[in-house]
Amino acid sequence: MTGASRTLLAFAAFAVILAIAPMVFASGTSVTMMSVMGVMIIFALSYNMLLGETGLLSFGHAVYYGLAGFFAAHAMNLARQQGLPVPLPVIPLVGGVAGLFFGVLFGAVSTRRAGTVFAMITLGLGELVSAFALLMRTFFGGEDGISTNRAKLLPVFGYKFGPQIQIYYLIAIWCFVCVALMYAITRTPLGRMCNAVRDNPERAEFVGYSAQRVRFIAFSLSATFAGVAGALSAINFELMNSHAAGAGQSGAVLLMTYVGGVGQFIGPIIGAVLITFLQTSLSDVTKAWMLYFGLLFIGVVLFAPGGISGWLALHAPLVRGGRIFRLAPAYALAALPFAALFVGMVLLIELSYHMLVDAASEGTKTSVFHIAMDGASAPPWIATVVLLVGGVLGLRAVWPKIGDAWAAATEPTGGEA
Amino acid sequence: MRNLTLGVCVAALLTAGAARAEDTVKLGYIDPLSGGGASIGEVGLKHFQWLADQINASGGLMGKKLEILPFDDKVNPQEAVVQARKAIDAGARFITQGNGSSVASALIDFVQKFNDRNPGKETLYFNYAAVDTSLTNAKCSFWHFRWDANSTIKMAAITNYLKTQPSVKKVYIINQDYSFGQEVKKLANEMLKAKRPDVQIVGDELHPLLKVTDFAPYIAKIKASGADTVITGNWGQDMALLLKAAADAGLQVKWYTYYAGGAGGPTAIKQTGLDHKVFDVVEGNPNSAPPDAQKTEEEFRAKFNVTLWYPRAVNEMRMFQKAVTEAKSLDPKAVALKLEDMKVKTFDGGEGWMRKEDHQFHQDMYIRSFGALPKGAKFDEEKTGWGWTEVAKVAAKDTVVPTTCKMERP
Amino acid sequence: MTPALALRDLRKSFGPTEIIRGVTLDIQAGERHAIIGPNGAGKSTMFHLISGRIKPTAGSIALKGEDITGLEPYEINHRGLSRSFQVTNIFPKLTVYENIRCSVLWSLGYRYSFWRFVDRLRDANERAEEIMEEIGLSARKNTPASILAYAEQRALEIGITIAGGAEVIMLDEPTAGMSNKETEQAVALIRKVSEGRTLVMVEHDMSVVFGLADRISVLVYGQIIATGAPAEIRADKAVREAYLGEEAH
Amino acid sequence: MLEIITFSTLNGVLYGMLLFMMASGLTLIFSMMGVLNFAHASFYMIGAYFGFEISRRIGFWPGFVVAPLLVGGVGALIERFGLRRVHGYGHVAELLFTFGLAFVIEELVNMFWGRLPVDYRVPPSLDFVAFKLFDTTYPAYRMFMLATAVAMFVFLILILKRTRVGLIIQAALTHPNMVAMLGHDVPTVFMLVFGVGAALAGLAGVIAGPALVTQPSMAGLLGPILFVVIVVGGLGSLTGAFLASLLIGLVQTFAVAINGSLFDLIGPTATTIFGELGSVTVAQIAPILPYLLLVVVLIVRPTGLFGNRET
């Protein structure tokens, strides 16, 4: 199969997944969550145009997402009040244009340098924009933000876009288009030069490209897509407020992109889906979810700097060579201590959290994994220690086997090295 | 990495396993349960769980048990909307929230639209702490009820009290620069002019929200202005640091605040040694409450090791139970209609009523000062040894302010 | 005839130290010109000045008659000058093929375009294949540049330099660190790729210099003490004293 | 007028020195290791909490000595078992590691000390009025903070410029291989530097904790302003950080004293041109000015005011 047809197949699969997802996960919560995921996929991919493709670490990407969201919300309100014949599905274009505008404006001053200087400028710009958002109340609506009503615009083919499922499909279509476009951009002269500038900005200058210009265009395009995502978010929530342009949102997109993996195109998609799911669901399961988030992030930085997709990509040649099964025994062997370690960690965190935070008002009894236990008694703690120590020792014992299995599986037998 | 996959599976399993029996009435509690706001959200949750236990002990709602479903909104309006959606999916037809007027505003909007688009699945929203007046003015909704006194009512109470204090001559107003602070600033100016035209407003300051580390320059300005009284809506770190800087510089004024009693406030005031110089305005004061309320307070403190911060939550839940009983229905619309114009004896003894035009609860308000406790006072705060002493009561009828609400009624 | 490169009283100081002290030099179109000199003479600095990596303190540089003093490297590149680096300077995470293709894009006029697929640019792909063939790396097409062997990276360095089809090529010690056999191959490669172009190179290996160069300039302490054909340089007394003389010891 | 200028200058210097105290460790770590430590404010927070724990059990002064050492130890361990692992992946990975670390530390503090502010008090030995100026008192504790900040600056400058250790660590940054060849253990040097940086943050926490509010959000609320200090001053320049701290302290304090707005300056046209921003007073935006300064400085002079390198 050629590279091109493989790409087409991947996109076809993506389209099918987008189409049938709400049939598989039909509850209102799932559809709402998947709508957010669609928005975040665009946002995270736009961020990766900077971080992964061009090597620019931004701490203020939410500025474009947020500002564009406000423009979209105002556009919707304007269209409704003036009775303009603007259908909802074109509103993301407003966001895109707004994103582009601010991308060009702020990109011109921030992309002259890469590295730390760029990161710090984006940090400062992010702080400034959130500060001004609170000062300019007419446009940003103060703390409350700007609310809008997506169902009051011109209907398209009878769809009024009140029900969440219609919004889901609207987002899904935009998501597909944006993902395809962003993928396409990586395959253009500019996209290739972004990689070149990321790797070696100096040499790029000596083959005729201004590193600053490349960064600037990448930045502007990235802001455009972030803008589309922001507008979709405004449509989805029917509300935009300054949180969306703030440091928290900028941090979240960094987290998604990095955890998903910056080295593969699919990485941010995985990250956006996973982190959005965890953000909305983990807080139902544990009060210490932010701690898990932090540990997850550190774990990825320490043990899988390529992110989830990077780790998966390591296996790609083996899958293609049909030799992935050679790893199976070693992985199965590792699964047990790994699970022990994981369960031990969860127990440790949950028990500590309960004893330190909740025990004073709720008593020492709690339940973890639906198993009742008393934090003041020894058994759960002994179990925790046993699991942790056992897990670590087990992994140490198994680790060489994984190495051997890798060596055996990747042994050159012709074909790609 | 597999750590992650596992985590997802576990989370998914647990969520799936959490399906609950259908024979309970579910109240979705949407407030911060993580991050900085969690200190407040957790305490609020305890209030509601405890109140639900009481309702269930007294026969429940139409014979059904009330169950509180907690959802973490991370004080983010968009997140709150997602969590509200989850609450509804989990079977909650009633939700309650308190922290952050921006969240409240988003929820009002969400509930209104959801009810418009899903007739027959209406959801009712009880607000126990978001005080932005516009929530019962321009943004008012039939589906929203508020038990906390809004900013306007609180300022009306403060200024009514200041009317009786001739020693107040020069007032300085300082607030956080966001919608709540700006509202306090505006109200303070208007009401002081109306009620105490002789008082001179010597300064009117806004500073960015949670961005100031050192308030010394602001204190220098207050000092230079010759103020004898400061009115502020500051809370959290902005309240604590402001008072600390004042004490450091030896500034001797009286502080009229909205949130000196908020989490961490008493600790900070005790540190500054400003004895009975800091005042706040609330709907109940444990040290001067009627005996049954004091008993409840004692039980609550004994169980949870924390002050019963929200007497209004007690009012809210008691009125909820009453409305269900009177309506003989668990239908949110029927409950809402019964809540309108409902008159009750409040937790702290006075007469209270839910105004029909804007769904704002009206109740007696108390001005209190924080400091060393007189003999016989039972309750201190945050283990400081200091507590609140009532200095004035403002009757509910004296806090009534006309509303601009134009409610769309179903 | 306009010289390919014309330096006029070029000077560069770093703080109080003047590294290039008034260099005036014409390099004719089509010639292979080598610059030699002892370590620290300022050869690399001179390369950096010409290619725009650093800006001169005084003096002027003209490329094919056009003043390029103080221009950015990419602007100089657009005017037909391309250079290599003494320390390998490639795009490490990109494959050999991508390295080369990125280097031909500008010269074919694709600039910053993001509306056409690079895989469909027949001319760019063909040109990249040709270059790879020329530098002998076709077999390593899809290998990331960072894991190439040293000599291969040096070849890629030259490939990147010539890919854009610049008329003036500057090579900074192209054979540094190579074994004898690798040097031979490199010389053959340089000879081939410099066909029909102007070549300026800095080189320490005298057999390479004298085998390859049409003319040689000797740079000592930031000044050119002699310029001429290899035979003239060999015979030059000042050069012998300053440079070759040293080596004789 | 004179009164305002005097107070603003004094308050500005006090605030500036507070900033420097908190930022000095950050700039030290950056100048030595090239790591922009996002968790720096978290070390500052741990310092405050350790100081609080020790002071309520033994006393403030033991905490003053022990807490920074403990924080330094924590920092060294984190470098040894965390940061060192990611060192090979480059500066972005290091930065992201500290980014995640800040998250985790905040949650751990939440778990151990709760989310409400703790009652960390000024020690009685320093709880008196140092002097009085135009009827405004200045507490001795503020003077103590000022003195500590200056002492830290002098100490660091001496260490870096005058001692062999300082020379080695500076060399280790630019030429790690060469320094290793000369027989110095570079990883250990880095571990020590990180530990010392963390200890400095811890010391700042111990001292600032009682003066400010000791609570789990104190790190997050402080974080960005420290970057402004070290970036405006010039990355890796200690003198730069010192002067930038003063500059920011003074700018912010003087701005608070100015009630004027664009409206006052150019009249009603201000509101037509700038809308709401026209009536915003300088005092209102004072705490935002440092960020404006950051962006402007980086655009005009990417190396910062006193720095000489960009990354």
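Chains here go by letter, A, B, C and D, matching the order in which they are written, and residues are numbered from 1 within each.
To be clear about the criterion, a contact is a pair of C-beta atoms (placed from the backbone, for glycine too) under 8 Å apart; a residue touches a chain by one contact, two chains touch by 3 or more.
Quantities reported herein were computed from a predicted structural model and do not represent experimental measurements.
A.B. asks: Moving only between chains that touch, what is the shortest number of steps from subunit A to subunit B?
C.D. replies: 1
A.B. asks: Taking contact as defined at the start, I'd like the list of chains shared as neighbours by subunit A and subunit D.
C.D. replies: Expected: B.
A.B. asks: Select the chain at the greatest separation from subunit C, using centres from the mean of Cα atoms.
C.D. replies: Farthest by centroid: B.
A.B. asks: Which integer distance in Å separates the CA centroid of subunit B from that of subunit D?
C.D. replies: 35
A.B. asks: With centres defined as the mean C-alpha position, give me the subunit C-subunit D separation in Å.
C.D. replies: The mean C-alpha positions of subunit C and subunit D differ by 47 Å.
A.B. asks: Provide the C-alpha centroid distance between subunit B and subunit C, rounded to the nearest whole angstrom.
C.D. replies: Comparing mean C-alpha positions, subunit C is 73 Å from subunit B.
A.B. asks: Nearest whole angstrom, what separates the Cα centre of subunit A from the Cα centre of subunit C?
C.D. replies: 44
A.B. asks: Could you pull out the residues of subunit D that touch at least 2 other chains?
C.D. replies: Within subunit D, the residues that touch at least two other chains are 110, 114, 284-285, 288.
A.B. asks: Show the residues in subunit C shared as contacts by 2 or more other chains, in ascending order.
C.D. replies: There are none in subunit C.
A.B. asks: Indicate the residues of subunit B shared as contacts by at least two other chains.
C.D. replies: 38, 177, 208, 211
A.B. asks: Which chains are in touch, pair by pair?
C.D. replies: Contact pairs between chains: A-B, A-C, A-D, B-D.
A.B. asks: Where on subunit A is subunit B touching in the complex?
C.D. replies: Checking each residue of subunit A against subunit B gives 27-29, 32-33, 36, 131, 134-135, 137, 142-145, 147, 149, 151, 162-164, 233, 237-239, 241, 243-244, 248, 274, 277-285, 287, 289-290, 292, 296, 299-300, 303-304, 308, 311, 335, 338-339, 342, 346, 360-361, 369-370.
A.B. asks: Spell out the residues on subunit B that touch subunit A in their complex, using ranges where they run on.
C.D. replies: Residues 1-4, 6-8, 10-12, 14-15, 17-18, 33-35, 38, 46, 71-72, 74, 76-79, 81-83, 85-86, 88-89, 100-102, 105-106, 109-110, 113, 116-117, 132, 134, 177-180, 182, 208-209, 211, 303-306.
A.B. asks: Which part of subunit D faces subunit A closely enough to touch in the complex?
C.D. replies: 36, 82, 85-86, 89, 91-93, 95-97, 99-104, 106-108, 110-112, 114, 224, 227-228, 231, 235, 275-277, 280, 284-285, 288, 291-292, 294-295, 298-299, 302, 310-311
A.B. asks: So in the complex, which bits of subunit A are touching subunit C?
C.D. replies: 4, 184-185, 187-193, 195-196, 198-200, 202-210, 213-214, 217, 221
A.B. asks: In the complex, go through subunit C and note every residue touching subunit A.
C.D. replies: 51, 53, 72-74, 77-78, 82-83, 85, 89-94, 98, 101-103, 105-107, 110-119, 121, 124, 160, 163-164
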